[in-house]
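So, here's a batch of structures to check.
You will see chain A twice below: alongside chain B first, and alongside chain C after that.
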Partner chain A sequence: MTRHVLRDFLPVVAVATGFVIAWKLLVVIGGYPIFILPPPEVVAARLVAAWRDGTIEPHVVTTLSEILLGFLIGSGLALVTGYALARSRLAERLLSPYLVAAQATPILALAPLIALWFGTGLASKVIICSLIVFFPITVATMVGVRSVDRQLLEVGRAFRATPLQVLTRLEIPGALPAIFGGIRVGATLAVIGAIIGEWAGGESGLGVLINLARGSLFDTPLLFATLVTIAALGVALYWLILVVERRLVGERG
Partner chain B sequence: MRLRVALGGLLVVQLLVACGPASSRSTSPLASGSASSPTPLTVGLGYIPSVQFAQFYLAQKAGYYRDAGLQVTFQNKIDPDLVTLVGQGTIDVGISDGTSVIPAVSQGIPVRYVATIYAQFPNVVYAKQASGIKTAADLRGRKLGTPGKYGSSWIMLQALLSSAGLKPSDLDIELYPDFGQGAALAQGAVDAATGFINNEPVQLELSGTPSTVLRVDQAVPLPGNGLIAGATAISNKAPQLRAFIAATLRAMHEIEADPQKGLDAAIAAVPELGQDRRTQLAILKATIGTWSNDYTAAHGAGAIDPSAWAKTVTFMAGLSGSPISGTPPRVPQLVDTSLLPS
Partner chain C sequence: MAPRRARSIGTKTTQTNRVATPASPASQAPAQPTGHHAAIAVRHCSFGYRDDPPRPALADVWFEVAPGELVAVIGANGTGKSTLLKLIAGLLAPDHGEVTVGGREVRGPDLGVGFVFQEPRLLPWRSALENVAFPLELAGWSRGAREARARDLLRLVGAPDVERLRPHQLSGGMRQRTAIARALALEPAVLLLDEPFSALDALTRERFNVALQSIWRTTGTTILLVTHSISEAIFLADRVVVLAGRPGRIVAQVPIRLGRPRSLVDLDASIVSDVSAAIRAALEREELA
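Up next is the complex of A and B:
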């Protein structure tokens, strides 16, 4: 167990330590003032202070709610759509151009419109998160389902497996590694989607806190502390999915 | 091998230093400026080129900056970026909201407000006359649109409401982060909105809808947009900054006397503005109206009223969720009057 933990976490800690040292050196050698590039210890102190005085916590709760709801809705729709695209050439011919066009449209440009149509509350952020999550999981699901061994499917049918049995016993297990690849990408994109949604309008959330720190408070250490929190959220979500993936798919995932 | 490592290390250090803040590498402009080679001066204006910056365009077009030995380059930036870049020294002088300078200085950003441009605070609350809103007290229970609960409009709104014994919670506030509150007001989605005296109310009037404008100056004399400069620029380029301010104020005087001259200069600099001269002229005239107040009339154009700044610091420090960090800065830490014409 200890060896396993050391093997997994030691390189991560080593890279993080190296990053912090390089950051500190950059500040010292470059002579940057705090309002341009605060040193790591100032950011760490601001992060602790902002958590202690309750500055960050409500914003984290808001952003996390948006991410989770948006991710669940977006990934749910993507799984269904991806499966339909994989199994129906007609669906693929009909939907693919629109899916690609939707993906090519910058979400940054759409976000203010979505905020205008659905208001600046939770709904608009969930929609933006769902949209940003949708494409990678759809494509991953489609590719995953299509990559399931055809011979295996034929054997299943030869043994008179029902469509539900084919789906649950053959297609889903076979497609899971690819699907989880999409889910991992989608989870990190959901964080970005929530922040973009908050930039388009809102009273709370880490995106709002970034705007406040930058545009109203001129508090660069708080800006960095918020960025660190956002990054930590993204990493936590990614690891959570990795744990689930290892349970369901195994180490190869 | 050791030599390679040493050279590599030296290169990295040089790169890091080269990437350092501009202020730490700037050479003395007094040495670089001469009759034959004008001193470069980077000037930050608001985010979008606009007729509101006509005085800068006129001074450039008429050669007032050139005659003062300056080679002026304009950059358009949003307020938060501009304040930081001026503090860093990348931009020598810029036009910024006075209420941004106070939290910026409280965070250690070395900027000073060096000349008043908008002697009257340009952020206002406005409504259609038909709404029946005539004073700040009439806003109670009404629906008001604003971009967000931060920045100069939010500070102005709180000051205006407090003058009538109201708090933001006494209103139904709708947020329009992409500045859609003007359209919302025009469509009747809100009863009142925050805006700029020289923009939304002007456009509403031009569309044939009489408007009521509620100004904050009588309640709290908030410092409007003015020229800010970094501490390094003030110590290294004081004569050039003084010449720049004088040339800009000269252009303002000329535009006050003949707004058409300012409009022509703005259109020459930003040809797109020529598509609707009537609107642009109305915006410019409304802008000119904010350039003076009783204090500048008595002390000269560009004058900075220290008592107004002191009142603003006290007001902002008392706000719940004040943007001021730590001990509120004193007025001498915020303004520098040494660059104004004597």
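Up next is the complex of A and C:
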């Protein structure tokens, strides 16, 4: 167990340590002032202080709510749409052009419009997150369902599996590795979606805090501390999905 | 369960759509099939794949398998052996003719028919035990009941120690044993085996043939086995149906007059050489034609 943990986490810790050392060297050698590039220990101290004095926490709660809601709604819709696209040529012909067009339109350009229509509250951020999550999971689901081994589906037919049994016992488990590939991408994009949504208009959230730290507060260490928090949120979500994936997909050889 | 097979089987009523006349002892016994008691009856069946261009696979095939009989189908690649099994399993529908299993016309997959495919086709996300229990799960068995039945079946096929392993952790032989156990899960009256041991080495294959004979004797299931191997067909079968040509047609049905139970030593008997020669002759005659 200890060996397993060491093998998994030691390289990650080593890379992080290397990154912090390089960052510190850059600050020392370059002689940058704190408002341009604060050294890592200053950022770390500001991060701890911001958590202690309650500066960051409410923003984290807001952003995390937006991410989770947007991710759940977007991925739920994507799973249904991806399955429909995989199994119905008509659905693919009808929906594909619009899906591609929606994906090709930058979310940065859509975000102000969505904030205008749905206000600067939770709804607009959830919609932006859902939109940004939707496409990769839809495509992954479509590809995953289509790539389920036809021979296994024939086994299901031979044992007179009902359409629902084919879906739940063969297609979904068979497509899971591909679907999780899309979910991993979607989870990280959901973080970006929430920040973009908050930049387009909002009163709370880590995106709002970045704007505050950069503009009115002129607190570059807080800006960096917020960036670190956003990155940590993304990594935590990604790791959580990996854990679920390992549990559901497991070793398949 | 006591062995049901009498010694010296091999006088089944047979009919071919072009009967070869191999030398004795593998003589033909053409006669009108009765159909009344057949476990499997394939009557005037033709089938073609609707590819571009269309690919006829079987032409006017007619044969029957009696309850409890073990029949081998032999033929070169492309003669429609696997297609024939899929017609019987209800996975394909014939263009012409009729297939019955247990006297009922096949109109789709039937739980009374077990199918072992050429590849084990195990679900990679399930353990061996869960794979064997898969048909039972579809049929609505409770978890406890299906796991108990799956354990019994894994013991029956000689794979009791693999129940927690996933397919990629099993050897080719164990995978195929698991697939056979899965096919037997719902106690099918008919078991169709499509070259189940083709991927195994010769020695393992021989061991599996002995195991399959034992399973057949224990379960009493009617078995139709597709194989490329003449010696495998002779060792296992009561009768060998020879398919040849494209589209495939039955060119001979050769009874095997060897006692039961058979051991690998029986393959050295002179009768085996004669039967083998008769089957080869039927195949070669068709190739020359």
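Following the convention adopted for this analysis, the second predicted complex is superposed on the first by the 250 of 253 C-alpha atoms of A that agree within 3 Å, B and C clash if a C-alpha of one lies under 4 Å from a C-alpha of the other, contacts with A are read in each partner's own complex, and residues count from 1 in each chain.
Going forward, a contact is a pair of C-beta atoms (placed from the backbone, for glycine too) under 8 Å apart; a residue touches a chain by one contact, two chains touch by 3 or more.
Keep in mind that what you see is a predicted model, and the values were worked out from it rather than measured.
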Looking at the superposed three-chain arrangement on chain A, would you call chain B and chain C a clash or a fit?
fit
Let me test your reading of the model: by the given contact rule, A:S216 touches which partner, first (chain B), second (chain C), both or neither?
first
So, does A:Q165 touch the first partner chain B, the second partner chain C, both, or neither?
second
Now for A:W239: first (chain B), second (chain C), both, or neither, which partner does it touch?
neither
In the overlay, answer first, second, both or neither for which of chain B and chain C A:I34 touches.
first
Which of the two partners, first being chain B and second being chain C, lies in contact with A:W117: first, second, both, or neither?
neither
In the overlaid three-chain picture, which partner chain does A:F9 touch, first (chain B) or second (chain C), both, or neither?
neither
Scan A:G250 for contacts with chain B and chain C and give back first, second, both or neither.
second
With both complexes superposed on chain A, which partner does A:Q151 reach: first (chain B), second (chain C), both or neither?
second
Anyone got the angle at chain A's C-alpha centre between chain B and chain C, nearest 10 degrees?
160
Closest approach of chain C to chain B (Cα atoms, Å)
47
Same chain A residues contacting chain B and chain C, which ones?
none
Interface residues, chain A side, partner chain C - complex:
149, 151-152, 154-162, 165, 169-170, 173-174, 176, 249-253
Across the complex, what residues on chain C touch chain A?
89, 91, 108-111, 113, 115, 117, 119, 121, 123-125, 134-135, 137-139, 166-169, 186
Can you list the residues on chain A that touch chain B in the complex?
25-26, 29-36, 112, 115-116, 120, 199-203, 211-212, 214-220
Hey, which residues of chain B end up touching chain A in the complex?
13, 16-17, 19-21, 24, 78-80, 83-84, 87-88, 100, 103-104, 106-110, 148-151, 175-178, 180, 323, 325
